[in-house]
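Structure first, commentary second.
A, B, C and D are the chain letters, set down in written order, and residue numbers restart from 1 in every chain.
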């Protein structure tokens, strides 16, 4: 109880050393190399160097529970590792554990045909290409997946795709080669059988990257969130995933684990923010004493510690339940961490900003950028309110009068 | 991980059945019998009946980790059981697991001489008498234990005790026979060696129960919190616990487990408050639909569920650490749950009151009384601010410049 | 702007002196006299003495805007005076400005016939009798007034009343002689024309005070909240107020000013709680320095000051609008202060309790009792959620698509 | 009471019309013109066009209480106008009411010599040049002004300035010609007499704009926040403001009004965010109904309305007190709004973001940028904690034991 497995402990140790040896010292290098590039959507060379190192050390594809293709770790085993990666914005990709590729690789590993795996899963697992996920549309509320308007119409041996997606994260990256697109193959089928997911090579004629979307002023280059139009895009029928009408089913399977990774990483970044706050208040002097000697500051540090601990425990429990009783039974716990983790991270980072003063909001610290990301995750997979609604529904079920 | 032990599961099942069969149905009986008594500090007869039943079923002294005298459960094993008892205000005593007797029994079991055990521990374990703990004094801030003013002066083979204590919980009860009193035997010794703890039979000449203290209007009869004066009270030197100057040491050992029990019980009462809220909103209609259909109500139910889950996990972790690495190493976790559990309970109960309307604040529901208790526990073992201070101190330790 | 009128300033000064000279010193006297009474629903003699003094000084019926019967002050002029009275639980009645009599006197002054005024308004204005208001019923959600079930059926020259009311505040008081009862004269009329209000002398056969309701353990004696049954209670038809079917209309007119008084008083009690907190932290020492030197304590004092100031300004603005544009146009502001004032008071008092430690929750301070009252006022005139709903409705009106 | 003056009402009307006619429709134009510029620190031509129009309509320099140079409005009169300007990020400059010029113009108008006025105040009042204020330094906590390290050493008829400033807002703008720099002329004088303020033309040799600082990823071009070094910068002795050693005194006078303008503008932007939220929830449909029909959303709209109203009233009161009793007596109220306004704005904007979903965090809405600014204002003039400390100090003063 409250102990990690041996495997996790060994990987934790290795990972922590790697962070110290290669990740933290190279955050600045990454930044400088990126600043020197002509095209912000190119990648700094340091990234590939680090990926090679991570691969050599066996710190690669740890996210994938499938032991044929990945590390074969359970969610509970992976959680503390994912948390560590979350401490640095450059780390997840170094270990080939970055969103949205992780979710896409899981889908391909679980539902892909041999041919699909050969063509897309292999290079993704090798870290040679990247991918995006085309789900959210600007015109409709995406917290309700049945709203989707993109059409996927069959014509002979091809599907013809028409629609507009935005927040296709990663699509700006020059190495992004594949989009998994969700759309409607049959608008007349029953509500959850209308959607399909389909593989669309990004170089297919008719696919246009319209622009990139900023998050609180950040372009998140070289990753980037794109608005993408699909104008009579044609792909072979074999590109459909799992079969027509099964898009919703795939989405459900994808979102559970995909999103718990976000929660884990948020815990990591919150830890780092708290450390930065402790560091700062211990050295910064105002009104004759270090900030660390001020009661109000100390109370806030304690609040952050308490919130982090509680969020971590709840995330671990959700991971454990996903492993043992499955995503469906664990949906209450998944909904809870989706509310808890980003809110906790926003609070903890905001307090860290506060003790950093103006330094905390500018480019000289990681805090403001981390806040912007955490804030966005209160929306990215449906707003807090929708998850609380899910929890309330489950809570009230035993009391329903009409049952 | 996140699983209770077999022993806990079996006792949980038994306990839950006992609650359903005997505790809940008799809460009203207890109230009515108590209302009919001439003296509010007498006990309703139903209590002894229930105690006999609990003893028969082996649901007795579960709190005591010492397996010679009690159940021999670890904190982690006891936590989920204590939580269940916390659901009813009459339950803890029925199972002989009520404060402050539990803490006093632990002290006696651990530090008592054979004679002390024979005279006091045995009847306490048998549920024949009750006891109180005389620590807090009205004149000084008790969050800082070095402030204590009560004097314990040796004269020959006796100690002479002089002082004024308040919030001696349980001292109003007619069956209360023993006070464990904390005072200073040597005001000139070093700071944490000045205090001693001593056994004082409540019928010793010079001991006067001055009055009872109410909590938010509640007298908590027949238990009750007393203000007690000690006026030249003489007890034999053999009544000292562990030895002169070791009072602080005993207090430290007592407070850890004693207080985690409060946290566990608070989780139980919060669960019951949430259940009451769900029940209420499912049946109460306003503006044409059940309260359960209102979004604001549902969001609040979800908030309560989230807070309870997180508090429970943190409490379990603290219990686990107390068992495995000891109270000292676990002091960060203990401090955290002392902040988290009562605040969580206040929030959850307050939300339950809100959906009950005026019913929630009066004697027809358990909610207002439960709130008053939970609120008091934000102070009873030092205020939130002191615990957060402890947490901050530990958090900042690695960053200290003067280390 | 932000200045009180001359009249208010003069009365403020007078009132403050009266508080210092007569109210604060007699709070303890009131308590002791009350404790010495045989019947808790009798009144301590000090009360009549103080009322005589207040009358002599012209500090009497200040609440009544009608200048024929009362002081003729506007809401804006009365607000700062009512705030002062709110500082002591015994003050409002001393100045004949206590709920629910104030609301009842307003109704009688505005809607009563000459005969009704002669019989009831006169002795109420003279402080000779007291009254209660029978609205809330235990079986239905009273936040929705159309739910009321009590029936008022005409039979010849009489109305026959049947129903059960609770939370009839003041009905326990021996001097309470009159109930204004709300019930349905015509359940088939349109929704807001079904109700009537009727005068019921409390000694009418069929009226039974069933029991008193406690608020968080307080019985609020000698005032007290009663559950009252009406069993075939017969009163002459002339006892109806304003006319059959106009009960809802009267209620609307009553609640606006009636409730703003609560808000004003809450500001007063919050001020006193903040003063008590400042006093306490300035004298109490812990860990080697006064609590006032601790940063966390100081931040909380500032929070309280900020919340009080904002609540006061909003209440004054609502009062000003009620005076200038009327209750209907001011309903947004009225709804806002109903949310703001009790929540502010709960927060401020809770923080004051926190720095008082255990003293703050017991009978030795006014804080816990004040908290219980403030908490109840988050429900007494409909829960926070209902007022926020009103505000949202008004806010969204200009954006409605169906307009 | 609670009424604006006639003059304010007239200007309000005029200003609102100007906003509708010229500001809102040109926000997009400004953006597009700016995007098309080669240098982001140049200004879009639309700006000068709008300034001309504003000047023609007499909506110019409204901020300046001095009626010789400006509109001669009191703070209380200006507040509601400044609020309106705060609704658009391009508006303040259009009306020549943008920070930090407003504060600099006030200093020059109040303390400047005729020569200083001629050279700097005149073109500033005419909107021909812009200015910056060099106060904050990267190395020391600027919430404590005595920490400043920049040296201003006299050598003959010149002062020699050496130091490093950052967050010199506006210094990136090509039209910025003047820095008012705060530094120490005499480090051995008494604490508040060490500092002086001095006029430094930005083209003086030795002044280097090192780089610009981003706020949550935004560069705030063409305004921009600069890090500026002063390396043996020489200016004539006549450039000192008011006299040697009087820098602290000037700063005190500057910060009061300067910062209350921020508060006013924050109220304006919060209003606009609430309007955007209402608009959005009225049109956006999820789960079969508009967001406006969801209880949780409606509660949040009400919360925002309540917070805005309270912040506005407190700001108006502070303005009124500054006008009537002066900045020193009003320092409690000034401290209060510095806490209240930015926190309120953060909350209101954050809730607006939440109902906008991903749209709310990207460049397609003004919300994320507005949040970043509001968040920064929780730090810009000292953190919340410092203002609360000021309030607590004043609150506790009457209770001090050592007085």
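Here is the rule we use: a residue touches a chain if its C-beta (ideal position, glycine included) is under 8 Å from a C-beta of that chain, and two chains touch if they have at least 3 such contacts.
All figures in this text were calculated on a predicted structure; none of them were measured in a lab.
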Interface with more contacting C-beta pairs, comparing B-C to A-C: B-C
A-D, C-D or B-D - pair sharing over half of the A-B contact pairs: C-D
Distance from the mean Cα position of chain C to that of chain A, given in whole angstrom: 53
CA centroid of chain B to CA centroid of chain C, Å: 37
Residue numbers of chain A (touch at least two other chains): 294-299, 385, 388-389
Chain C-facing residues of chain B, complex: 136, 138, 141-144, 147, 166-167, 213-219, 225, 284-287, 291, 294, 296-297, 350, 353-355, 357-364, 368-369, 371-372, 375-376, 378-380, 383-385, 388-389
Residues on chain D engaged by chain C in the complex (per definition of touch): 1-3, 76, 274, 278-279, 281-283, 290, 292, 295, 298-299, 301-303, 305-306, 309-311, 313-314, 316-317, 320-321, 332-333, 336, 339-340, 385, 387-393, 395-396, 398-401
Touching residues (chain side chain D, partner chain B) in the complex: 294-299
